[in-house]
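I have placed the structure first, in the form of C-alpha cells, so that the comments after it can refer back to it.
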Amino acid sequence: MNIIQFLYNAITIAEMEARKIRHDTTELWTRLVQPALWLLIFGETFNAMRAMSTGSFSYIQFITPGILAQSVLFIAIFYGITVVWERDVGIITKLLSTPASHVSIVLGKSLAASIRGIFQAMMIFVLALILEVHIRLDPIDIAGVFAVTILFAMCFSSLSMLLASFMKTRDRMMGIGQALTMPLFFASNAIYPISAMPVWLQYISKCNPLSYVVDAMRSMLLSGSYENLPLDILILIASTVVFVSLASVTIKRLLE
Amino acid sequence: MIKIRNLTKKYESLAVVDNINLEIEKGEIFGLLGPNGAGKTTVIHMLATLLKPTSGTAIVNGYDIITEPGKVRSSIGIVFQAPSSDDMLTGYENLKIHAFLYSVPSYEREKRIQSVLELVGLADRQNDEVKKYSGGMRRRLEIARGLLHKPKVMFLDEPTLGLDPSSREMMWEYIQKLVKEEDMTFILTTHYMEEADHLCNRIGIIDQGKIIALDTPANLKKIIGGDIVKIKPKSYPNLENLKKLIYIRKIELINGEIIMYVDNARTNMPDILLHLEAEYVEFRSPDLNDVFLKLASKNLKESVEGGFMERYAQYGK
Amino acid sequence: MLSMESNITIFEKLYALWLREFKVFLRERSRLVASTFTPLLWLFVIGIGFGSVATLPTGSTIGYQKFIFPGIICMSIIFTSVFFGSYVIWDRKFDFLKSVMVAPVGRGTIFVGKALGGMTSSLIQSAILLLIGVLIGITYSPLGVIEVIAIVLLLSFTLTSLGLAIGSYMQSLEGFQLIVSFVVFPLFFLSGALFPLDKLPPWLMVITSIDPATYAVDAMRTVVLDIGSKPFAFDMVIVLVYAISLGAIGAYSFGRMKAV
C-alpha cells in the first residue's frame, strides 16, 4: 500500500473518532477533575508554604507542566476502554475487516486520542492562566507544547490499545488504568525534581517516558533552555513508534 | 393460594401489566406463558414484593403484597431469570447466608442445606465457588436456595432460559420431583410452549400485559379445534366437498397447501383422502404454539378493533 | 420473649449479610492488593521524595513521610469505604441484591449489614497500614490503638453510607468514574492528608472544613503523632455528627432504591 493511501486511511479514522468525541464530552470533563485538583490544591498549597526547593521557579510554576502532562496521561491511558467498548458493539470487527492496514488503524485511533489530549491540555492551560501561574507565552513554545501533547497522547493511547488487546474487558481495563496512572505519575519528575528522589526511584523515573514529556514541556513553558529538548523528543518518538507497532501487531487479538 | 385483584403496573402511561385478575389454587403448577416483554416477569416481581403495583393488589398465602410484604416474602421462594447467587462464594456459603436471612432455625440449618443440595444434585460440588459452576448448576443452586425455607409458593421466572436441551430436561425432572415430594404451589413463567405443556396443569397466556386465555393445556389446545392436517393436492381441489365433512372444523388454502383442523385425524384421514388426490400429507396434534400464535395475532387485531373477549367466548362454542 | 426472639433473628441476619461482604472482600485479592498498593506508593514515593526536598512547617522535627502517615490511613479508608458503598451498583447489575431483597429482611438491616462490611474492610486495610507504619518508626500506645480503631470505624461508616447513598441513585457502571472524580478524590485532597491546613488560602480552608475526612485526619494525627491542630474530642464529635447525618441519608436513599 502506498504511503498516501496509508495516511489517508489513518486520517479518515481519526476524523471519524473526532466526530464521536463531540457526542460525548462527559468523559473529558470527568477526567479533568483530578488534574485540576492537583494544580489547584496541591500546587497552590505547596506554593503558599514555600516548602519546596525547585530551583529558580515557584512550586506552582514547577508543577504546571507536570499536571499538564498528567491530564493527557489520564485521558490516553484509559483510551483502551473506548476500544474495548467498540469491540463489544462490533465496530472493531468492521474496522479490522476493511483493507486499511492495522498500523493505520492504530495510528488513526491514537491520533484521535491526541485530540482528547489537546482538549485536556488546553483546559489545564486555561486553569494555569486563571491562577496566574507565570509561564512563557511564546507562540512557538506553545505550539511546541501541543506538538509534544499530540505525540505523548499517541504514545500512551497506543500503549492502552496494546493492553486492551490482552485485557479485553472494560472492568479489567479500568483496573489496569487505575493501577498504572499513579505509579507512572509518581515515578516521574512531574511533581518534584528527579535529583531529589532516592536513587532507586531515579532509575525508574529515567525509564518513564512521562519524565521526558514533562522535561520537554518544562523547557518550553518555563526555562526556555532547549539543550535537553532533542533528546526528550527523540525518546518520545521512539516510545511512540514502539507502542504503535506493538499495538498494530496485537490489535487483531481483540477479535478472538 | 394466590388471588390477584386488578393488578396493574404502568410505566408512565404504558401499562406493562394491565388489570390482571387471577386465582391460583394450592398445589397447582401454574404457567404464565407469553412472548418477551409480555409482562410475565413484572407480574412475578410484583407478587414477590420487589415492585410496587400502580394499582390493584394480590394476596399470597393469605398475606397482602402491599400491606404485609414481610410475611409474603417469608412464604415464597423465587428463582430469578438471571442467576443471582454470589459467584465469589461457594454453593454451600450461598445457602448458609440465605438460611440465616430466612431465619431457618439453627438446629435445622445444616440438615436443610444438605437436603436441598442433595435434591438438586449439587452435594458433591457444594464447596466450589459458584463461578466454577455451569449454567445449569447455577440454576439448580437457585432452586435449592428457593426451597431452603420450605416456602408455600415457589416462583420460577424462566427456569430454563439459556439452558441447553439436556439441562432443560433435567430441570423439568427436578421440578416434577419437587412437585411430587414437597407440598407447594408453583408459578412459572416461560416463553417455551413445550415447557408449559410439559409441566403445568393450568396456563395463563399473557400478551401485552393482559391475560388473553386461561385454561388447562388440553383445553387450550381445543381452541385450535382438532388436529392439524396439511395436504398438498395433485390438482386444484374442490373444497366444497371437503367442507361438507362433519369432522372438518375449518379449512384453508395457503400457498397451494390445504390446511384443515380435523377431529380425530388419525381415523378420519382415509376418508379425507377419498375426496382428493394428495402429493403428500402431514398431520399433527396442535401444541400451545398454535394456540399462542392464534390468540396473540387475534389480540393484536383486537387491540385495534376492541371486543376480544366476545370473540374469545365464541371460540369455546 | 417475642421481641427478644426477633432481636436474635436480626443479629443473625446482620451476621449473614456481613459474612457475605467479608468473604467477598477476602476472596477479591486483586482488589485488596491494589488498595494496599496505592497508599504504599504515596507513603514511600511521595513521602520519601517530598520529604527530601520539602520543609514543612509541621511545627516539630517530624519528617514529611511521618506527617502524611495518618493522612494516608484516612486516604485508604476514603477509597475503601466510598468504593465499597458504591459497589451496590454492581450488586444490582448482577442481581445479587435482588435475592437479598426478596428475603424477609428489612432494607434498614441490609443497609447496616453493608455498612458493617465496609467498616470491616476499612479496618483490615488500616491494620495493614498501621503495621507498615512501624517500619517508618511510628509507635502506638494501647490507648492510641483503641482511638485509631474508633476513628477508622466512624469515618468508614460515614463514607460507606455516602457511597451507598450515591450508589443507590446510580443506574449504570459508568457512574462509578464520576464518583471517583467528584467524590473520592476531592474528599482526599481537601482533607489535609498531605499538608497542614493552616497555611492554606482562606477560601480553600472554608472548603476543607466541610470535608468530614479533615476531622478524621486531624484526630488521627493527634493520636499517632500528637500534632493535631484541634482537640481529639472536638474532631470526634464532628465526625460523629457526619456519621449520623450521612448514615441517615444513606439509609433513606437505600430504603427507597428500586429493587428491580
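Going by the order they are written in, the chains are A, B and C; count residues from 1 in each one.
Following the convention adopted for this analysis, a contact is a pair of C-beta atoms (placed from the backbone, for glycine too) under 8 Å apart; a residue touches a chain by one contact, two chains touch by 3 or more.
Just so you know, these numbers come straight off a predicted model, no measurement behind them.
Asker: Could you classify the connectivity of these chains, where an edge means two chains touch, as line, ring, star, complete or other?
Answerer: line
Asker: Select the chain whose centre, defined as the mean of its C-alpha atoms, is least distant from the mean of all protein C-alpha atoms.
Answerer: C
Asker: For subunit B and subunit C, what's the span in angstrom between their mean Cα positions?
Answerer: 48
Asker: Could you put a whole-Å number on the gap between the CA centroids of subunit A and subunit C?
Answerer: The separation of the two C-alpha centroids amounts to 31 Å.
Asker: Please work out the Cα centroid separation of subunit A and subunit B, and write it as a whole number of Å.
Answerer: About 56 Å separates the centre of subunit A from that of subunit B.
Asker: Can you check the complex and tell me which residues of subunit A touch subunit C?
Answerer: For this pair, the touching residues of subunit A are 27, 30-31, 33-34, 37-38, 41-42, 44-46, 48-49, 51-54, 170, 174-175, 178-179, 182-183, 186-187, 191-193, 196-198, 201.
Asker: Using the touch rule from the top, collect the residues of subunit C that touch subunit A in their complex.
Answerer: These residues of subunit C touch subunit A: 30, 34, 37-38, 41-42, 45-46, 48-50, 52-57, 173, 177-178, 181-182, 185-186, 189-190, 194-196, 199-201, 204.
Asker: Over in the complex, which subunit B residues touch subunit C? Could you list them?
Answerer: It is residues 45, 48-51, 70-71, 73-74, 76, 78, 80, 82-86, 88-89, 93, 96-103, 129, 145 of subunit B that touch subunit C.
Asker: Which residues of subunit C touch subunit B in their complex?
Answerer: The touching residues are 9, 12-13, 15-17, 19-20, 23-24, 27-28, 94-96, 98-106, 258-260.
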